[in-house]
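Same chain, two partners: subunit A is paired with subunit B first, then with subunit C.
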Partner chain A sequence: MKNPGKKLQDELRSMFESISTEGDGENRMTVKCRKEAVITMLSFLKKTGFDHLALISCVDRLNDNVLELVYILSSYGGDVAMQKLNILLKTTIPRENPQFYTATEIFGNASPYERELHELYGILFRGHPRLTPLFLEREYDIPPFRKDFDTRKYVKDVFDQIPFVDDKKGRT
Partner chain B sequence: MTKKSGKMDRNNIGKWFKSPGNMGQKYSLHALYFCTGCGIIEIPPTITTRWDAERFGVIPVATPRQANLFLITGYVSVKTLRYIIRSYEQMPEPKYTVGFGSCPINGGMYWDSYNTIKHLDKYIPVDGWIAGCMPRPEAVFVAVTHLWTLIDKGMATGYLKYREHYAKYRRNQEKILGELEWPPLFSKEEENEKSREKVAG
Partner chain C sequence: MRELELYFGPQHLGMVGNFSITLQVEGDRIVKATANPGFLHRGFEKLMEQRTWIQNFPLVCRINVVEPDHMELMYAMAVEKLAGIEVPERAQFIRSIYLELARVGSHLFGLWAYANMLGFDTVANWAMYHRDLILDLFEELTGGRVYHIYLWPGGVRRDFPEGFEERIRSTLHTIGSCVPDYDDTFFHNRLFYERAHGVGKLSREDACRMGAVGQVLRATGMKKDIRKTEPYAAYDQVDWEIPVRTDGDAYSRIWVVRDEMIESVHMIFKLLDKLPKGEAYQRIPNPFKWKIPESEVYVRCESSRGELGLYLVSDGGDKPCRAHFRTPSYSHGLTILEKALENESIADVGNIMISLYITAPEIDR
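So, the complex of A and B:
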């Protein structure tokens, strides 16, 4: 297979409606789709040979009032050209009360990524087996990776409010 | 360092015998191998053959129960702080803390982060700081030799400060971490402290 990206693009277009695909000609292909199609698309891509979910990340697009989820897939099983190809599967979900379906049924390793996004962006992944805190120790009003979280104000209100322990005797 | 400030030198043997306790503490610093932040990258070359910290009597140990030097090697997140406090309280006295890098001093490049405590000395006492992002291994030795001077002069008294102001430290710790799951190390005797101040004043 000389150019797996091209073939895959055609295949995806024929299978899914209203998606946009765009390859950079080399080793990255961006697929944008509606959120309903993501789970089907993931399982389709997994069957096609993209059997490795490298990362799920999220972009907070404050101006468009959406959160963009990015699933990055790569292949261990296919031929060499396929192994070089990374797929960025993007979808958007609304910012208010963000909810989505878990991908853990398809890729087991989606679990920690989804926990991370749940914690840092406040996305609720339905059907996730264990959506418990992963990194954070404190509670935040707004999930801290959202763009409207004002870190400077938070620092002023929390960490800067702690007094120094001053020592009258002037010891170091 | 000048000779006066306690270089390891035969001429100093006479002086060592004046306060053998200090000498023992100075030349056998057991550093707790506790990794936090990026600065820990500098510690393996520091303690192994390239820079060989054992020349200065510093060796890493695995458990806080055997350590008396605590190097905080970088930014401290809220989660790490909990374990820093736990480890610090387990170390036997006398114990010395050195903040390594800009981050424990005032937050460094994480000064406006949502999850990094800025000033480590609000939560545990710190005897010395090494500035830099990140400091080179040589800076660890400069810090160690400075620590010797402080020990000689009886100024490395962070652990006494911790005893004395335990109530304040514990209050700060609880403000950030919420209820701590271990009992107080010393009594929270803030009242005594106040009355003592009154008597002194």
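So, the complex of A and C:
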């Protein structure tokens, strides 16, 4: 089959309102939808055969003042044409006080990805069983992977304060 | 019985890499395991947003210490797709040969870790020695032993030196001729069977549900390999098989690793026989002024640990807007490990962890 995503594209358009889909002809299909529809869409895609969650990522679109969430799905159990296809399911949420719904009940491996995004982008995933820190050691005012977090300034402010080993001022 | 909390790592003899597991134990049974990553978090993905397209190569290879080459491939492939660069045929073959060498080297390293953990020191030393022979090849080709920075958008950095193909063949013959020794001392050894059989068992349903990839999935009987489903480089030019096992335990996983190494070696011979003549790289624009139009891409490949992916976004500038690596150890180390350790004994923690092929730098990035 030349375009494995065509059938799925039609099916998705008939089932969900206000979504936009586009295929790039190279086994990638981008689906954009409203944030309320994401969880339904994920469980629908899983039933259709896209049973493997490859990645949950986030892009900080500072100019549009939104965070773009990206779920990348592929099929491990489907037929050959379907296995080649990767779906990028996208939605946007506001940058201020970002909240979203958890996908941990649909995909077993979603949990660490959501913990990572919670920590690095400050997104609160409602219903997540364990939204504890994953990587970072310190507390940050702005979540560090956001575009307005200035790494250089942070490094200068925090680590320039640490005295050298032979610097004994203040002790004697 | 009283429950105790035990810390396995980051400073523990049985721990490979900067990683830690908190174990709730009752006697010597594990009730609950919690993985604690973050000891090696270097923020590479954030750092990549502040480096130009070409400056990121020395960063990406450091994401996975054991096999940096697939990381380079992912980044090179993503940049090629974004910028629309074609790769010459010879470069595709050289890439495949180079990546298969990397796979064998990485698997030998994994075998070293596993054999060492079980107390098979002789086998471990053999594996380390044979990996060094492969690193010698890399050193001749690229100048570096561990980090090579050899793959480039548009091909590879330089062509094979004179007589290099013959030296690959002879090194692989040296390693391959020791397979019977490995089999006698390790793979057919009853001790290995007793220690690994039925340990850390995963059913196929659980493995699929929790996002297992690579040999963890192939050890449960799933015949799945990105090199077959979505061929890149020159993997569609030669015939090869995907080795599988059906038990889903540590024993099967290590056997899949062994079979994969042998399959890779045969594949390298086939690729060398077919290696075409021609250019090894395509010219790319001036890296200092290189801007890539606004677009995004998700690329994936089969690293020695499983599906490795990169989601790369460009906003039209001279630097990436966002890079996010999908690494196989992420699901293996944070989701599957916690499940696989439940109800196992403390003595098997290292066994299960190393057979799942977890590398901490890949999780933390």
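The criterion applied here is as follows: the second predicted complex is superposed on the first by the 164 of 172 C-alpha atoms of A that agree within 3 Å, B and C clash if a C-alpha of one lies under 4 Å from a C-alpha of the other, contacts with A are read in each partner's own complex, and residues count from 1 in each chain.
What we mean here is this: contacts are C-beta pairs under 8 Å (C-beta built on N, C-alpha and C of every residue); 3 or more make two chains touch, one makes a residue touch a chain.
Note that this is a predicted model, so its numbers are computed, not measured.
Look at A:V70: by the touch rule set out above, it reaches subunit C but stays clear of subunit B. Once the two complexes are laid over each other on the shared chain, residue contacts for A:T151 go to subunit B and to subunit C alike. Look at A:D160: by the touch rule set out above, it reaches subunit B but stays clear of subunit C. Comparing subunit B with subunit C, the partner in contact with more residues of subunit A is C. Applying the stated contact rule after C-alpha superposition, one finds that A:V59 touches subunit C and leaves subunit B untouched. Of the two partner chains, neither subunit B nor subunit C is touched by A:E96. Of the two partner chains, neither subunit B nor subunit C is touched by A:D141. Looking at subunit A, you'll find residues 135-137, 144, 151 touch subunit B in one structure and subunit C in the other.
Considering their complex, residues 77-79, 82, 111-115, 117-119, 121-122, 125, 127-128, 150, 155-158, 160-161, 164-165, 168-169, 172, 175-178, 197 of subunit B touch subunit A.
Interface residues of subunit A facing subunit C in the complex, by the touch rule stated above, are 26-28, 51-55, 57, 59-60, 70, 72, 74, 76-77, 80, 83-84, 86, 88, 107-109, 111-113, 133-137, 144-145, 151.
Of all residues in subunit C, those touching subunit A in their complex are 37-38, 41, 43, 45-47, 50, 81, 208-211, 217, 222, 224, 229-230, 297-298, 300, 307, 309, 311, 313, 321-322, 324, 326, 330-331, 334-335, 364. Of all residues in subunit A, those touching subunit B in their complex are 135-138, 140, 144, 149, 151-152, 154-155, 158-165, 167-168, 171-172.
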